[in-house]
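Okay, so subunit A shows up in both of these, paired with subunit B first and subunit C after.
This part shows the complex of A and B:
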């Protein structure tokens, strides 16, 4: 018998994974590099939401966009100061672009974690809930009000993002740059601006998911590391750079982890993703939805 | 006449290690000897990571994780089966090399940042697994392991000896064709493959060597500290290793050593200021990576040599 409760909860977790993973996959699509500071964008969102709501007494509903905004600013600055030299201007790494990006974003992640640890403190803080219903039932399943609202916001955001990328002027330019940077710039597309938009969006999405989960997962300096690791696994699973792939992989992973935690082992639930990843890399190295690339 | 870059770096790193070997003559404070021993542990990790990242262009996020695996391999053998740490040491090397080989075999078929992604997830998840497997590993409490030697000074010189051996091994490796293959892969994988280099094999080999070195370092460190805990594998520890290599000078023989001693010693000093060490180092890494890839060793070379080597 299929356990509906587990399925729904798995899908909800998967939706939050997707919020993180889509930003990461967008960055990979357009710059062909991985952002190892992605978890710290999430952390910035969590802290902004929690501190603004608790310390300044701002309404949580207003703190939510503020958190996304903070993530967006950090994302945009990252692109401006650290990523732009990759494709316009000078890095001392020559052709070793991947290597440069790994080192720089990883160092940025260390910097942000330790900065927050020093300035705000290592103890964890719980963000206020958006709504004051602790438990409600929806048919066969039990959910907290916060989880329901967060899910709705996350789902709406993902749909909006997909529409933006697919149909909007800038979304189409982003697609073009992801397909061929040189070709896009020859066609008059401002590739630097497109990259900046992608980083800003990705930071906003991570910040938003940090804020949405703040009442559920307490804010602490290294709070971003697990969401980030999940999204790394998902991005590889879904095929690097594929948006649909990463959403599908997020939902799959959320559900599998939910069932695995109950039927296999709760303590080792976080290992399932890695095991699946290894299996997929063995059989389908380009990821579940990735296209087989060919290098010239 | 062209001077051999590697030979210069190799001789200088031996000189640096000779200097380190002389320190106990002047310093007898066990605390500072301990600090230098831990720096040498990090120097081993840094040298292994540099072989992979600096010479082969493959970025692993798991040097500290493989040190943890090595330390646990030897620690668990002695904890459960009373195996002598002298057998545990080679066992640690074999276990970490074997795990590295399997992981590398799967991931190295792919080009791009897959190794970094997979090893990062692997490192975090291994740490959780060891922390959660309380009945086998005693989880976060850590394992008490028997020491290898009685005196701190013996550890000191064992670490110096191992570092000399590792530097010599790396120097010789880089002189062979294999060393050439690795650098060819770093500079252009497709071009290397087109000239007949078995790219997947050599990338996996470099990863395996690097994880074996991490495993050795971890087992030695476990014997020294007599306590093995999942904290050995923290991402921050890997971060420290990367900071050391990038600040010291990635892709040179002496850079990782230089970085390890400078970064670890100043991290002890900064700890007293109030735990700002990783803030300072990660900032320095960003600055070096962004503006001057050759790191401190590159700066030193520029200052002392008229002609760029």
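This part shows the complex of A and C:
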């Protein structure tokens, strides 16, 4: 029974990881840079949901899309104001691209954490649940109504995202830019707009994720550090830029962490992901689902 | 000529008077090292700052100390030991403070006391419970909060009274958490060897503790003990409740860190807090001196929060330094340290002497009053909780309540 519990709980946690990580994967896929402020997009969603619902009395179901919207706005503004110099004609920046992205997103991360700490305050707050069932039995497992809904919404969102990227007009353009930015540009695709859509989507996903987990992982200024660290491991493990890889890596990580914590030691729980990452990279340096090279 | 001489004399007199008055008005600087930004507990840092500001204003309003005003110099240690070390160094060398206090996380205290020792500056620990801070035996370090061994003794007495056969502790991976878990293990070995006890260390930065909790569902202990601070402590509580482990008809939830008097406690836990037993250092039913009432009221006026033990500990830390300056009639470090070691100190929590015994009580204010109470309703204020042990109230578990399932 414990194993069933661990497996289901691991898959649920894995789904939450996936929702956080796919946004980071999208950004890497299209810009080839790591967004160190991704955890703070999550934090913006957590706080928007919690404050809008608790302080303004907005229904939590309505606060959920508002949180995703807040994340989307922050994502879009980040791209427009901070990331645009990466590909807007400063060719001499080529060599410094990675450094610029690291420094600017890291600075944004610190700015947002400290801004929330000073403006909203250091006290943590638990977001209101979408459903008022504090615990329930579902076959062999016990969970809260919030966890069940969050799992369902996370799964539906990931499926919708995959369909959007694969079949929609803009999804195909994003794929094209991810494969070859210059080639896509020559084919008439507005690469700047595609980048903005990716950042907006990434912010929205992180914001939604933060809102869904606000009643489980309470809002606090540094709440984004946990999803961010997990997301970096997942993105590399799954193959940088691969959405399918991120989802597979998230689920694997969620399950392995749970079993490892019980059967090896809880003390090393966060180490398992890194050990798996090293082992996978030794065999497949491009990650589980990553491609060896795309540039023509 | 005569007029020129007079003017010269007047000028010299004015300069002398100005420098004398500047010297006389020079404030006494006291260093406050607290967490003002993440990842440390900004919640605790804010409470310490609120309390020492109240004491500073109170003392300055009464004319200061030795005719000089008190000035507090703050440094942010972020709850990180190496930052604490740098903060203390800066306070002493750049801020020219006469003493340092405020620290509220054991790992940070352990780093800071090394600097205080090196510069021979009095250091008053505000909220570091870990025995290891006292075990160093540094003469410059004095301790205002309770210590882990004392907490453990009290908790183990309660465990015995509860008829505990098996207890599991979740502690955070800090000097405080691991120290508390080990101290309880030692106390059990000494006083209640029949209790089967183990502890599990949880990451303070963690957010999902379910894998540590799930094994307890199959084999629930009699008591789940907590030695964790917010915010992870709240997440553990909620997940223990969600999994039906504790509080339950079979298992008590027993917090040993004084969680329930944090201002954000009820904003983070709901049903998970009901029926919880709390070891704490403050309860409104405690008979505290008028000084505590005055400081508590000012704190409530300024922050809209109820006072708690950290407010009083921080107030006592600063008051202790101020009393030492008064008794030493000087801000000289050696004179202050000598005065502190011999002091009978009247603070907000009562009258204390400084223990001389080597070990976990070294240079500890004794005896810090403590209580154990049970929360019986969601959202309950501390004053309405069920007091089961405290000053003048012998330990009794007869009235304790348990959930139906």
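As a working rule, the second predicted complex is superposed on the first by the 285 of 296 C-alpha atoms of A that agree within 3 Å, B and C clash if a C-alpha of one lies under 4 Å from a C-alpha of the other, contacts with A are read in each partner's own complex, and residues count from 1 in each chain.
By definition in this document, a contact is a pair of C-beta atoms (placed from the backbone, for glycine too) under 8 Å apart; a residue touches a chain by one contact, two chains touch by 3 or more.
Since the structure is predicted, the reported quantities are computational estimates derived from the model, not experimental observations.
After superposition on subunit A, the partners subunit B and subunit C are seen to clash.
After overlaying the two complexes on the shared chain, residue contacts for A:220 are found with subunit C alone; subunit B is out of touch. By the touch criterion defined above, A:59 lies against neither subunit B nor subunit C after alignment on the C-alpha atoms of chain A. Number of subunit A residues touched is higher for B, counting subunit B against subunit C.
Within the superposed three-chain model, A:262 lies in touch with subunit C and out of touch with subunit B [touch as defined at top].
Contacts of A:270 after superposition on the shared chain: both subunit B and subunit C are touched. Legend: residue contacts after superposition of the two complexes on their common chain; A:124 is shown touching subunit C, with no touch to subunit B.
Look at A:114: by the touch rule set out above, it reaches both subunit B and subunit C. In the superposition on chain A, A:236 contacts subunit B only, with no contact to subunit C. Look at A:9: by the touch rule set out above, it reaches subunit C but stays clear of subunit B. Counting contacts by the rule stated earlier, residues 113-114, 117, 225-226, 267, 270 of subunit A appear in both its interface with subunit B and its interface with subunit C.
On the subunit B side of its complex with subunit A, the touching residues are 53, 57, 59, 61, 106-107, 109-114, 116-118, 120-122, 124-125, 128-129, 132-133, 186-188, 190, 235-236, 239, 242-243, 246, 274-276, 278-279, 281-283, 285-286, 289-294.
Contact residues on subunit A toward subunit C in their complex (touch as defined above): 1-2, 5-6, 9, 13, 113-114, 117, 121-126, 134-135, 142-144, 147, 216-218, 220-222, 225-226, 257-259, 261-262, 266-267, 269-270.
Interface residues of subunit A, counted against subunit B in their complex, comprise 32-34, 36, 82, 85, 91-93, 95-96, 98-104, 106-108, 110-111, 113-115, 117-118, 225-226, 229, 232-233, 235-236, 240, 267-268, 270-271, 273-274, 277-278, 281-282, 285, 295. Listed in rising order, the residues of subunit C touching subunit A in the complex are 37-39, 41-43, 45-46, 173, 200-203, 205-208, 210-212, 214-215, 217-218, 230-231, 234-235, 238, 241-244, 263-264, 267-271.
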